Structures are given as C-alpha cells and as structure tokens.
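Quick one: structure below, then a few questions.
Chain naming follows the written order as A, B, C and D, and within any one chain the residues start at number 1.
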Amino acid sequence: MIKAGIIGATGYAGGELVRLLTQHKEVEIKWYGSRSYIDKKYASVYGNMFEIVEDTCLDDNMEELAKQVDVIFTATPQGFCASVMNDEILDQVKIVDLSADYRIKDVSVYEKWYGIEHKSPQYIEEAVYGLCEINREDVKKARLVANPGCYTTCSILTAYPLVKEGLIDTATLIVDAKSGTSGAGRGAKLPNLYCEVNENIKAYGVASHRHTPEIEEQLGYAAGKEIMINFTPHLVPMNRGILVTEYATLTRKPDGSLPTYEEIKAVYDKYYKDEKFVRVLEKDVLPETKWVEGSNYVDVNFKIDERTGRIIMMGALDNVVKGAAGQAVQNMNLMFGLKESEGLELVPMFP
Amino acid sequence: MIKAGIIGATGYAGGELVRLLTQHKEVEIKWYGSRSYIDKKYASVYGNMFEIVEDTCLDDNMEELAKQVDVIFTATPQGFCASVMNDEILDQVKIVDLSADYRIKDVSVYEKWYGIEHKSPQYIEEAVYGLCEINREDVKKARLVANPGCYTTCSILTAYPLVKEGLIDTATLIVDAKSGTSGAGRGAKLPNLYCEVNENIKAYGVASHRHTPEIEEQLGYAAGKEIMINFTPHLVPMNRGILVTEYATLTRKPDGSLPTYEEIKAVYDKYYKDEKFVRVLEKDVLPETKWVEGSNYVDVNFKIDERTGRIIMMGALDNVVKGAAGQAVQNMNLMFGLKESEGLELVPMFP
Amino acid sequence: MIKAGIIGATGYAGGELVRLLTQHKEVEIKWYGSRSYIDKKYASVYGNMFEIVEDTCLDDNMEELAKQVDVIFTATPQGFCASVMNDEILDQVKIVDLSADYRIKDVSVYEKWYGIEHKSPQYIEEAVYGLCEINREDVKKARLVANPGCYTTCSILTAYPLVKEGLIDTATLIVDAKSGTSGAGRGAKLPNLYCEVNENIKAYGVASHRHTPEIEEQLGYAAGKEIMINFTPHLVPMNRGILVTEYATLTRKPDGSLPTYEEIKAVYDKYYKDEKFVRVLEKDVLPETKWVEGSNYVDVNFKIDERTGRIIMMGALDNVVKGAAGQAVQNMNLMFGLKESEGLELVPMFP
Amino acid sequence: MIKAGIIGATGYAGGELVRLLTQHKEVEIKWYGSRSYIDKKYASVYGNMFEIVEDTCLDDNMEELAKQVDVIFTATPQGFCASVMNDEILDQVKIVDLSADYRIKDVSVYEKWYGIEHKSPQYIEEAVYGLCEINREDVKKARLVANPGCYTTCSILTAYPLVKEGLIDTATLIVDAKSGTSGAGRGAKLPNLYCEVNENIKAYGVASHRHTPEIEEQLGYAAGKEIMINFTPHLVPMNRGILVTEYATLTRKPDGSLPTYEEIKAVYDKYYKDEKFVRVLEKDVLPETKWVEGSNYVDVNFKIDERTGRIIMMGALDNVVKGAAGQAVQNMNLMFGLKESEGLELVPMFP
C-alpha cells in the first residue's frame, strides 16, 4: 500500500482527494493536514466521511510528513508549497502539488501573475507539468509534479491536437470558460455566498486571470512558438463543472478551402482515441458538464463554421476531479507505476 | 458473472442502476430495456455513459429476457410488472421490482391508492419487501423482491427502532418529507420544467400520497398493530436527496419522565450499529442530503423536545440510490449470496 | 414626503427596504446606515441600485438620525435596537424595528431564547407587534413597532383563524418550515456558501429556534391560553421564500364528526377575505413560494385528512418582503395614515 | 386607458407582459389569448396572478381581437404572426410582435434560418425593428414593431457604440452568450426538465442559432457594411438572465496604439448616457445578470486587453424583460406617445 499525506485536506480539492483515495485499492491516507481544523475529526468537517474516515486533522508539517508517507499531495494556497520545499523532502517522498507553484517554467511570469515571490525556483525546472495525456512519460519519472489548473486542463486538452498539428491560427485563439462555484474554494467570502451566486452569472478576472499564462505556455510548447490568447472565466450557479468554448480561425488548405469535419475529427482521434479519460464526442453531440460530473473524463467536440472560417471547440470536465484531485491521482498512479486509471474508473453521475 | 437485465433502463432509477451495475464486479448488464428508445444507443440517451456502455436499447420483453439473464430489474410504471409476471418467468430468473406492484400485501389497499387493478395478486404473498436492514433473511431466499419506495425507505428506517421498541405513540406520528426532483421521473411534464421547480418549494399529494400506506404497513409490522400517519411530501429544487422530519410523542416512563438522549441513542444503536448503510449521526449533528449524495447511506438522528414531550427524528438518503437503484443492488447481492455491500461502497460526493 | 432612515441598509432585509422604498411614492430615503460600508457608495454594495441610488453609506447613529427623518427602520442584529433606544428618539421619530428586540412581551423569555440581556425593557410594553392583519388598529397609533419575524409571520397567519376560532387542538400543533437562504443573512459564513447550500436540504435549530416563542406568544393570544408547539426550520437551496406545513388535530363537533372543507374555508374567509395581502387559495391549490416571490402576499390553504382527523395547513410568503421589508413598509403606511398597500402592490415575479 | 390584447399570454414572455401591464397605469389587458388554455382562468395557469387577474383565457383570433383593442402583443411561435397579418388588422390596431417574423429585412435570410415560408413578406419593410435605443424615432411612428430577440438585444447594445464608431474590426467579432432557462420557453420538453438543466452547462445551436443573422443585420447597419460573426449561446441553470461576452480586435490609432479606457468609455457614454435603460458600469465593475433581474436595464462594460489588442465587451439583461416583454412595453409606450419608461421603472430584485 502506498502511504499518502494530504496538506490542505479540508478544501474542496483536498476533500475530493480523500473521496478518491478512500476508494483507491493501493493507497491509504496517513495524514489529513489542515491548519484550520487541527485536532478536529475529519468527518466533522466533511459529514459525508462519517464512518468512512476516522482520522483527525493534523498540522501541515511537510518535513515530518515526508518521513511517514510515500507521496504528498499539496492542495494549498499559492506559495505554500514553494516556501517549504527542500532537497530533504524531495529525497524522501514524491510530491504532487495542486497549487500553481511549479506549473510555470518562467519564474518571472509566475511572480508577475501571482504577485508573490517564488521561494524555491531551483525546483521549477525539474517539476513536471502533470497533464498526463501530454506529459505521461515525464510524469512516470518525476518526483515533483505540478498538477495543472482546472481551467487550464480543460482549455489545453480541448485545443491541443489542433494547435499541435498547426490547424488553427493560434493568434486568433479565444477561450471563454464557465465554471461551477467549487472552483472558488471553501473560504467564507461574501461573493461566494449562496444568494450571491445563485440565479446569477458573471465574468471575472477578465484579461487578468492567472490561468492565462499557464495555458499560453503549454499550448506554446505544442505550437512550437509563443502564443497569446484571451481567456475569460465566468462563475456559474452550479457546484461542479467547467465548460470551455474556444474560438480560432482554421488554417486553410493551399486551395483556400477549410479542413472538413472528418479531417479535424481524425486529428482529435489521433491524439485521443487511446486516451481513456478524453472522450471525443460523436458528431453534433456537444459537451455538457453534467455528463462528466464526479468522473475523471474530459469530453471534447468541435463545430466548423463555414461562414466565418472559424472552428468552435468545446470541452467539459469536473473541475474537482480531472481539474484537480482526479488528475492528481492519475499523476500519482503514473509516478508509482500503477495502472493509470486505478481508482479513477468512476462512472459520471446523472442527474 | 451474474447476467442482469433492466426494464425501464432510461428512467432516472434505471440510469442509476446502469451506473451502479457498471461498477459492480460480479455483474454484467445484458439487456437495456426501454420502450421509448428501442434501437437507440444507450449512451445517446445518457451522455455520461459514452464509451462506457456500447449497447443499444431493447424492448421490454420479459419472457425473452427471462431466458437470457439471472436477474431482472423492473424500473417501470406501476402495473407493468404485475401485468407481465407469470410462473415461467419466476422459475427462470430472480426479479427485483422497483415499482410498487408487490410492496403492499393487501391488494385492496394497493388498488385503492394506485387506482389500478392488480393483474397478478397471486404473487403478492411470496414477494419479499426488500428493505434489507429489516427483512435481510427473507430477501436472501426470495425470487421476487418488492424494492421499497424512496420516501418509504427513508421514513421507515428513521422511525423503525423507536416504533419497534414502543418508544413513541404511533398515533401521533407525522412524516414531513422533502425530495429532490429526480423523484418525479424523466417524463416531459410541465410541472417538472426547470423554471417551474427552481427557486420554488411546494407540498403535493397532501393526505393522499401513495407511499403513505406502504409506510403504514411496514411500521405497522414493527409496532405489532395497525397505524395511521400523516405523510406530506414536498418538491425541493435539487436533483437528488430526500430528507424526512418525523414528529411523535415519546412514551413516558412509569414515573412520567421522558427517555433520555442516551436511552434513545442506545435503541438506534441496537438496530443500526452493525448496519453499514445506516449511519446514526453523533449528537446534535443533523442529517443533510448532501452528505449522502451518490451513496447508499441513510443518515439518521433525532432530537428530544423536553418542552412538548415529542421527539423529532430526521433521516436523509439519496432517493436514486438507497431510495431506488442502490437498494435494488443491495437486494440483488443478498439474493445471490454476494457480499451485501458489493458495488455499493461509493463514498458520497461533496460538494 | 416622509423622510426615512435605515440602519442596517446593506443586509438583505435592508436592501429590500431600499428596493421597496425607492418605488414608494410617499417616501424618500435620507440615510443609508451601514457600519460595514461607511463612506462607500450604496450602489457599489448592491449593484442593482446603480444609477438608482446615488447615496453613500453612513454610520448607525440613531440619535443624529432621529433628528433628520420621520421614520427609522432598524434592520440590525438582535440587541442593537434595544441598546440605543431612549425617550428622546421615540419623541422625535417613529421606529419600525425589524429585529426581535421588542417582539416578545415577557423579557425573560426573550433573554432566555436570545441569550442576551435586554437593554431597554421599559419600551417592550408600548411596542406594538406589527402583524398588520391582526394588530392593524394598534399599529396605526404606535410609535414603536416590532416587525415580526419571517417564519413567524408565515406560521401565525397560516394557523390564526383556526386557532382563534378554537377549531384545532393547539396542543397538537406542529410547524414544519422551509426557508430560502436569504433568511440566513449576508454574513460571510461557511455554512451559507453556495456549494454548502446548493443541492442540499437540512433541518436546523430543531426544538430551539428563536422564532418558536414568538409564534407561541402570538398564537397564544389568539387561543386565549398559553400554547406550546414544535417548530422546525429547514434550509432550502433557493434565494427567497418560506413555506410552512402545519399539522394539528381538528376539534370534532359534538357528534364526533370533523368540520367540512366548506366550514374551514368559511373561517379562513372570515378573517382574510378583505385582506389584500393574504390570499386563501382555491380548493386543492397548494401554496408555492414561487407564486409570491417579490411580493407582499401570503398564500394559505389547507387539507383535511379524514383518516387521521388532522388538518394540514400550508402558507407561503417571500421572507424578504412580507417576512421582513414589505411588512415593515406596510406598518409604516399604517403608522403614517397612508394607504396600507402603498408601494407594496408588486405583482409576484414568475419564473 | 390603452386597451391591450396578448396572443400567447401563457408562455413565459406572455406571462411577463401580464406582470408588466398589470402594473402599468395607462393600460388595461382586455384579451388573454392562449390556445392551450381556452376558457381556463388565467390565474389557474399562473398562480402568481391569483386575485390579480380574474380573466379567462381566450382563443387567438386576431381579427376579432383587432376590433376590441388598441394594441396587440403577439408572443407566439415563429410564423404565426406572419400567417395572420393583413391590412385590415394593421388599419385597426398597433402590433408589437415578439416573434421573429418581421425582424429580418431579407426574407430569404429569414426563410433560410427559420426553415419556414414567410406568409406576409409585404409587411416586412414597414415593420420597425423595435430596439428603442437605436430606432426610437421610427418606433414612434410605427404600426407594426418587430420586437428584438433576447440574445439579440443584449448582443447588439453591448457592441453598438464601438461598431457604429468604427472602433473594432467587425470581422473579428465573437459573441459568447449565456442564458437562463426561461429563454427556452414553457414547452414540456425533456431537455428543459429540472434535472437535465440543473448543475449543468452546455452550448447549443453552435454556428447555427437563429439570432445570428438578426445580430449581423442590425450591427451591419451600424457598421455601414455587411458583417459576419460567431454567436454561441449556452444554457445556464438559472431562471432569468442573459450575459454576453464579446470579443473583437480594437482598431488601432494611426500611431499603432490602442484606444484608452477613457476613449472607449467616452464612446459608450456618447450613446448611452441619456438612455435610462442602458447602464454603462463604472470601471472594473463587471455586469452580473442578478443586478438587472426583474428590470428593464441592460448593464454593459468592457475591458481592454493590452496584450492581445482585443476588447472584451460584456452585457447583461433580464431576457424576459428587456429581452422580451419589457422591451415590448417600451415600444408600446413610444408608439402611443407615453413616457418611454412608463410601467418599466422596476428596481431590480436582489437576491
């Protein structure tokens, strides 16, 4: 059995890690770290865990934890993981960091968008960006994985094959994203109150959201050049789920014609037909967040607009699963040589 | 592997059976019956099942189905199962009927409350009322199980220990129940439209809901006498979940005093401490439907009101799981000698 | 024009007062009191008021305010209004207090249920309980009105005619109430976060909610004797609306028969047929909170259960309007000799 | 008093017309047309109208209706209004058509996108496109007004000033729209059931939605040239509200620099500062649908992305009010020489 520790076990992503790992055959959780609830029973924080988890919350002592477990998940605010990381920890234990600390390779970009100083930039290079479908082989060898952001995972996987194959003009790429409210975390803040979110939709972080450079960097690798996009997140009155709607101008063929549906479909299939967790939907079936709820799937599809020459790509995932905890477990499975889908073969729940 | 067939596989309860059985190690579904969607791919009806279920919907031919499978689940409108049942079927296959057809022992009560003629009353006596926590041993030997209603399961299990032990005056029992909208089924009816349900709560079926006689019959067995209750269901703007709030006057001790918290708690524990799927919550923790969502749990607790001499009992379950498909699988497990919780060890999902 | 001041203008009840008074022909708001937002534009706190309200929030200085306005609404936490009240204020200005400070005549009951010391018990007797339909004449003469609680208004008006006429056994009265989340206020507390409330229902304050003694006191006056009830509130995932479902044993006639539908209906009509804001629904039409949303109406109806001899009474209102701000304006209209429905003839909004 | 008739009074837009006209001082509704509910009391269809509307639903006999009223609102399926229109009707009565029948000037475009034959193309030219803020003077003189679509109103008003002034490259314009579920109408269809919409978001009508040519035509007039856009609607789990997020590349100045915030703001103010129902929000305040709920406001704002050279424009309105019934009343007010905001000074409701 792999022994796991979670720092930040009482946030929504941490709670989902507990849900997933509790049902994972090869893992036992040895440490429920939560600075806010030290010494309180975990099940008193998350009533769903009553009679399932008997443990009590512990402090977020990474050094001590590193001695006791095989893998640590850090589901913590930006900056925490970077501030406590050191060689001793990395020598003892594998790390899956759900924060943004090691996602962006250019530390100046990180520091600019996050507005904080990075405390351990020396580990950024070694950290593997844990988007399993793209970086699978690197993840297998990693001791430090930067688990991608929720918007990022959805935005990248939806466009990746077309960017990689040069089928769209990346200078025209626009990502309009919609997220359920769990993405805002469990902090008691006025804008996240029920009555403020319910019966409401709004954009936020327009032209300034921190997932922007992460998307740009990763899609830039695929494109083989720097790219800049517009990314606009919206808050939707639902608990879980992210839907992205992406717009880009298609690269025309030498004769000026657009690629056909079948040609685009073939490209998606080339990258995803063997990917268990990416489902390319059938023609004219559009992704819905409800169809992936509670599961590790990303559903993608696209529509070509002959009139404007653009393609509209759509992707849906559960932000707490494939957008956070599920992907973290998928990374862990790879790092420990387990079956990649172990503990993640959850059938989406409907309704 | 147990071969299973589902009649009514495209309703919400049928869909949940598919979700549960797909994740059940000992079962394979051989027949997705759905009169409305014959020859359509099951995954085109329920997008969550894309790349998980490849089958196509079939007709509801029970006789043919009985030859092909070991167990049939009928998630069909009232009257259907009774209308097709015969000895030949029962000789070949085990039946778990999710409709009300065999739940009520007195056929005249059934015909009065449901307003239809019962077409095979000869099987009512043999049918076992499949509330596993109460009729476990009978279920094991049954070939025909009447799977309890959603409201009924919640209402009965919440009050059962106190009724059984004579701790409440059953003549005072009132059940005020609140249900998510999936309980209303997937029929395209105006009152179930999003805009009619959302931001709204109402009572319905007041003093006339069909689950009333079912609760009365089963609690009557526990009490050892006929009982009559008030049962009022309400429609709540959420997908899943039933909460019942039950009121009854406590039986006072010879000295006129009320039973204490500890005494009542001991009675709940007597019946439920070894029941995996019934969780008696800790003192002052009140059941919330969200804490059982997606799982087979029923959470119960109570509060004594010293002022009025009443006890307020509360219970919560997921109407689609423990209130329908989960309980059906639990019954199947018992009927086939499997571990009772096989395929049902789903951790509730939060948020 | 009546000059009005609001203390607590940035809570949900305060915000609704602003919405109503802004549309009231005879009133102008001169003071938007909000300790949390002093010097901030009111419309920056409530975006709906942009270009409608240009004022800036002020402190909660009652003494100063009393000199500037004709009426003060206090939509403040329990204890505030009592702590600042004095003769000078009451000599200058009329007060509608939306808190509980002057609702309960027996100060020891108040102090026990609210757990705070009452700082100005000398004004309790003079304060008029502002349930306009019952205390209309007293309200007209009052200078200090205790505006009833949201649950209380709904619970009392639903049962009042039958209690007053002795048609139910008040010892059997049980009130099961369901409320939207705005009733929990705008404080940034974890249990009120979107993801905690959404897709969830729970009871709270079981056998201990503070509106219990208020209901008991007022219905006790109607009954002409002390009464004790069970009152159980529930939190429902919607913004606005309260539904109460009340159970009581009907008083049988000398011949042992139950009153008929027509007899009960006649009693409701006796009290409410001239009441603009109480709508006794037609037979078999059950109240829904959505049908009163945004308006000052209370919809009530009932169902007799011949089997159990009980009556099930139901009532619905908008907790922010008739349950708070609307009733406060109704009281103000009475106190100033205006048409009682002035500014309150809002048609409920659907959907 | 203006006598009004409504055809299609029991749809959501029709219901909202009733709500608005009931509160309009200069109008009385004489005809509640609803083919589905003929001879049923209107208040039995919409419980909110109990004791407010006493009338009974009538047939949709336009010829008869034209004799009895001064203005007819047709809130009917596409094709109906065109199929019954004739000179006699237009000579007797003013028409505000809430369907799309007279919105698109090029009948071939209408017939292509709507897939039906237009039965009275001879009236298309005379019909005035009733976007009051743009066509005010023409509306005043019209006898037939084509009331704009909900998505259209929001999409056009959000971009109009910049298109008109040539500040954006219209070839790059993309409109990503999100709508509450009332926009889907009150028909009993499976995709609009509560459990299908709740906790879900999806795109629909991608590259094919019928409001596309309407937006293109109107913005084309502003641009002085034909334009083609991408328009993608999404279904959001809420009752009311549309939010549009629009992307376009800004026209750079001769020196290659982008227009400043102040310059763009000045253009919005030029067109909207005297418009009561269009609110240009303060810098960095982003539109939220909740802030306009129940009112006739459109809230707009924008953000310049210096990195990509694009502007992100946002607009929010209540689809049932400014997107349908409210705009229809605004048009009626203009047509009859009333104050434009008569009956529409409704303060948005929060929460």
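Here is the rule we go by: a residue touches a chain if its C-beta (ideal position, glycine included) is under 8 Å from a C-beta of that chain, and two chains touch if they have at least 3 such contacts.
Nothing here was measured: the structure is a model prediction, and the numbers come from that model.
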Of C-D and B-D, pair with higher C-beta contact tally: C-D
Per Cα centroids, the chain farthest from chain B: D
Averaged-CA centre spacing for the pair chain D and chain B, given as whole angstrom: 46
Chain C and chain D, separation of their C-alpha mean positions in angstrom: 37
Shared-contact residues (touching 2 or more other chains) in chain D: 12, 182, 195-196, 198-199, 237-240, 288, 290, 293, 351
Complex contact set, residues of chain D against chain A: 172, 174, 176, 178, 180, 195-196, 198-204, 206-207, 228-230, 232, 234, 236-241, 243, 245, 247, 286-290, 293, 303-305, 307-308, 310, 312, 314, 316, 351
Interfacial residue positions of chain B with respect to chain D in the complex: 12, 181-182, 186, 188-190, 192-199, 237-239
Residues on chain B engaged by chain A in the complex (per definition of touch): 12, 15, 19, 22-23, 44, 46-52, 182, 199, 239-240, 279, 281-282, 285, 288, 290-295, 299, 345-351
